[in-house]
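Remarks on the structure that follows.
Naming follows writing order (A, B and C), and every chain is counted from residue 1.
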Amino acid sequence: MELLERQETWSITYNHALGETASWFYAKIRDEGAIYGKRCAKSGRVLVPPRSFSDETLQPTTDWVKVGPGGRIEAFTIVYEKFNNLPDPPYAFGYVLLDGADTALGGYFKGVDLADPAAAAARLKVGTRVVATFAPQRKGEMLDFWYELA
Amino acid sequence: MSGNRVGIIGIGQSEFRSRRDDASYPDLVREGVIRAMEDAKLDFDAIQAVVYSLSPDAMVGIGNAERLGVDAVGGRNKPFLRINNGGATGISSAVAAYYHVASGMFDVVLTAGADKIGECGDSQTVLNKIWDPSYERPLPLGTINMLAMSAVRYMDRYGMTEEDMARVTVKNRHHASLNPKAHLRKPVTIEDVMASRLISWPIKLLDCCPQSSGGAALVLASERFIKDNHLDAVWITGVGHSAETYWMGDRMGNNPTAEHADAYALGRSFEKSYRMAGITDPMRQVQVAELYAPFSNTEYHSIDAARLSPKPVETIQRMRDGEYQIGGRIPINPSGGTLCTNAIAVTAMARVAEVALQVWGRAGDHQVKGARLGVASGNGGDHQIFGTMVIEA
Amino acid sequence: MGLRNQPGIIGCSIRPVITSRDRSLEEVIYDTGQLALKDAGLGIEDIDGIVVAANDQFDGRSISVMMASGPTGGVDRDIMSTPSASEHAFILGALRVATGQFRTQLVVSWSPTEVSSMAEAQRLGADPYFHRALPLDELSAHALQASAIEQALPDARVAAENVTKKNRDQGRLAWPDAPARPAAGPMRWPVTPAMTSAPVMGAVAMVLAAPDFIAERGLRDVAWIDGMGWATEPSFLGDRDLATAPALAAAAGQAYAAAGITDPVTAFDLAEITDATPYAELLAYEALSLCPRDQWAARSADGSFARGGKLPVNLSGGVLTWNPVFCTGMIRIAEVANQIRGRAGRHQVPNARRGLAQAGSGFAMQYQSAIVLSKAARTKGAQVEGAQVEGTRP
């Protein structure tokens, strides 16, 4: 028999409150080109990106700590497949432990030739030193900075 | 807990496929339910409560799609609620149904669900929105990219190679070829996997699960009901859940509690289930396992977390030696597993269903001979929330 | 059958309206959970498990439990979520305590207003096969139900107006500083704007505990769960008689049987009912066997269900006062718990010994729950045997 289809699209807009902690973090990125974490007094760990409380101790975090811009690659992947609503491949991104931080911060890796996957993966291997690089024009968001090999 | 045990008395699963254009979403739910009810040889009147299994609404494209499934599960005017623990939902629903019976309030409880991932044109877009809008969502994260990074760390720490990943696919595709309900049933070679197109380094197409459509259901009952009615059953002797941090970057860096290479909270959940079931030496006591692993690399850390290997480097070696295939020492994913069939809302329920069939001795061509005790697991969120179960004959 | 162990509510945090934008949703959930723990006098280390409930389409997250796990203490703990309804998180938490496998549970629900159109988010809940093309949001579904009720009972409108006035008056006593609530939207006949309340952001959390834990810690101010019932209407509105609430009648039957209640009219010192519209409250009176429909007009006029009446309903002001849409059901339960615990604040009823909470949600209240809470714990013998759940036995 004839089987019919109906195409439906979900399109809803949200305005998420970032709260004081994330707002302060993004304002510093926008205005100073600097990345800050927040320390959990109970564990002593510097959480980057900053959280207002630690999900391990459930205690509020206390003081701000400037971290980076240098750091080491903790994880990466190189994407060769096109996904809807994501950038055109190839691109590399992952997580970096910035100097002075205890947790890793995500971002794109730029300036690495991705044409040969194995060679690119070798250049981005875990432990590689990188530096956070800031866009000259910044909006106060995660994509205002990326990582380049040090 | 003698006398207060909870048993599985009915199991239903679809033959999972890419598309099911002949069936609406509730039709697919009904398919699993009817099969489970026939298996349990009960009328719908016997069902006292329903636990509905459904992960992201957006995957089926219907908000609170469980409301649409009420009739399919015979839920009208009965206690009914839905569980969503992401990819763990199917096992979490089975565990929630277990709690319904173990509370003493109900004798017979149905849990059921279905998914039609094949109808969602943007599954990785939906899955990007599992991350928080403030920090991690702006990154091109999806479940594939997330677990590619786990593979990178597992390689770095324990020496897993791309061929080791491929070996898991080869094993599970062989298993799936024996299971008529599995979605991807064509056997492949290591060379096939290595030559398949790169998705997110080091994950290639054949390291990935498919997007499947189908339904599944289980009927659980109290020991009293099972004995009074002279029913056949297998027994749920251990259950557990545990979660780890939502933040990907917190699973790396300086001495993370939950290392992203591993599956820390899955291990914690298994600890709970094993303690409850009185299992002290899983490598000797567990005879079959269905471990939720949607990408080849994640089967390794799942085996580690289930303590079915002494340590990660050994896991890699034992996989090379064929110890985890049917006929080996502890067959893992004899159904073909999540790698060959993934209808997210019921994937982890299929893990429970398959272990139940194995210890019941009803698994057909993929039966693990003599299996009397098995374990199942489910992973949800950004590899964050885990559920586990021990099932015994 | 009864619950193996009788759970008690030992801590509540009710935040029916949150206006500040200085906290993210995740932080609001953290604050709410911490307040409930503080109210219980416990720390997170005392919590064995967590159940949360939220609506992904309201939250703008694909799997809301993920974001909520950290702030509720889910790291290294047993956490589950019931996105069908806020009250379902409470029910699952109670079942988990009843198994004897958990000493405590933290249950949390929330409802933000960060979506540009809540009606649009709700419309996604209409199936794409037959109903998505219709303008079907929750308010429209409530209006269809109200219209069916008016068709069956012409003087229901007078009763609905009385209920509206009662709840708004009680809301002003409970929340003297709150501004008058704007309506949820334009008229959807026969539901007038005055009979609705605009959505606000809110959150609620409760701590549940097992009898041995409560005894061991010497906790007082406990609201014991005497009976629970929950049930569901069919999927399509067209398959229902919208002028009736059979699922709620079934849920009430389960709860009353478990609690041993034979005469609901005299059994309770107070009740909280999900008055998304006053028609929903009226229909609940009937399904909960509190007042047959032919007496709605008279009893709503004579103050029977008002403060000082025989059975005060919605002393908190109900949903007509604050409408954090998704978590209004769990708030009803928490309000009754706080009354039993003597911690309801301005709207405390003196000497509340037993109360009834009704939670309804979904299109025209598809999900229905009834919870009976008591100041007195069941005796040991009753706890083992329990009452039979009528109508659900095989």
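In the analysis below, a residue touches a chain if its C-beta (ideal position, glycine included) is under 8 Å from a C-beta of that chain, and two chains touch if they have at least 3 such contacts.
Since the model is a prediction, treat every value here as computed from it, not as a measurement.
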item	value
Starting at chain A, fewest touch steps before arriving at chain C	1
Chain pair bearing the highest count of C-beta contacts	B-C
Far-end chain from chain A, centres as C-alpha averages	C
Centre distance in Å when chain A and chain C are each reduced to the mean of their C-alpha atoms	39
Centre distance in Å when chain B and chain C are each reduced to the mean of their C-alpha atoms	33
Chain A and chain B, separation of their C-alpha mean positions in angstrom	30
Contacts with two or more other chains, residues of chain B listed in rising order	58, 61, 133-134, 245-247, 257
Contacts with two or more other chains, residues of chain C listed in rising order	24, 26, 57, 60, 69-70, 74-75, 121, 124, 128-129
Residue list for chain A, restricted to those that touch at least two other chains	8, 10, 14, 16, 18-19, 22, 55-56
Residues of chain C that touch chain A when the two form their complex	21-27, 30, 34, 44, 57, 60, 69-71, 73-75, 114-117, 120-121, 124, 128-129, 132
In the complex with chain B, residue positions of chain C that touch it	1-4, 24, 26, 49, 55-57, 60-63, 65-67, 69-70, 74-85, 88, 91-92, 95-96, 98-101, 121-129, 228-236, 239, 246-247, 250-251, 254, 362-363, 366-367, 386, 389, 392-394
List of chain A residues in touch with chain B within their complex	3, 5, 8, 10, 14, 16, 18-19, 22, 45, 47-49, 51, 55-56, 74-81, 83-87, 91, 93-95, 97, 101-108, 117, 120-121, 125-127, 141-143
Of all residues in chain A, those that touch chain C in their complex	6, 8, 10, 12-22, 52-53, 55-56, 58
Residues on chain B engaged by chain C in the complex (per definition of touch)	4, 24-26, 42, 45-46, 48-49, 52, 55-58, 61-71, 75-86, 92, 95-96, 99-100, 102-108, 126-127, 129-130, 132-134, 225, 240-247, 257, 265, 268, 272, 276, 380-382, 384-385
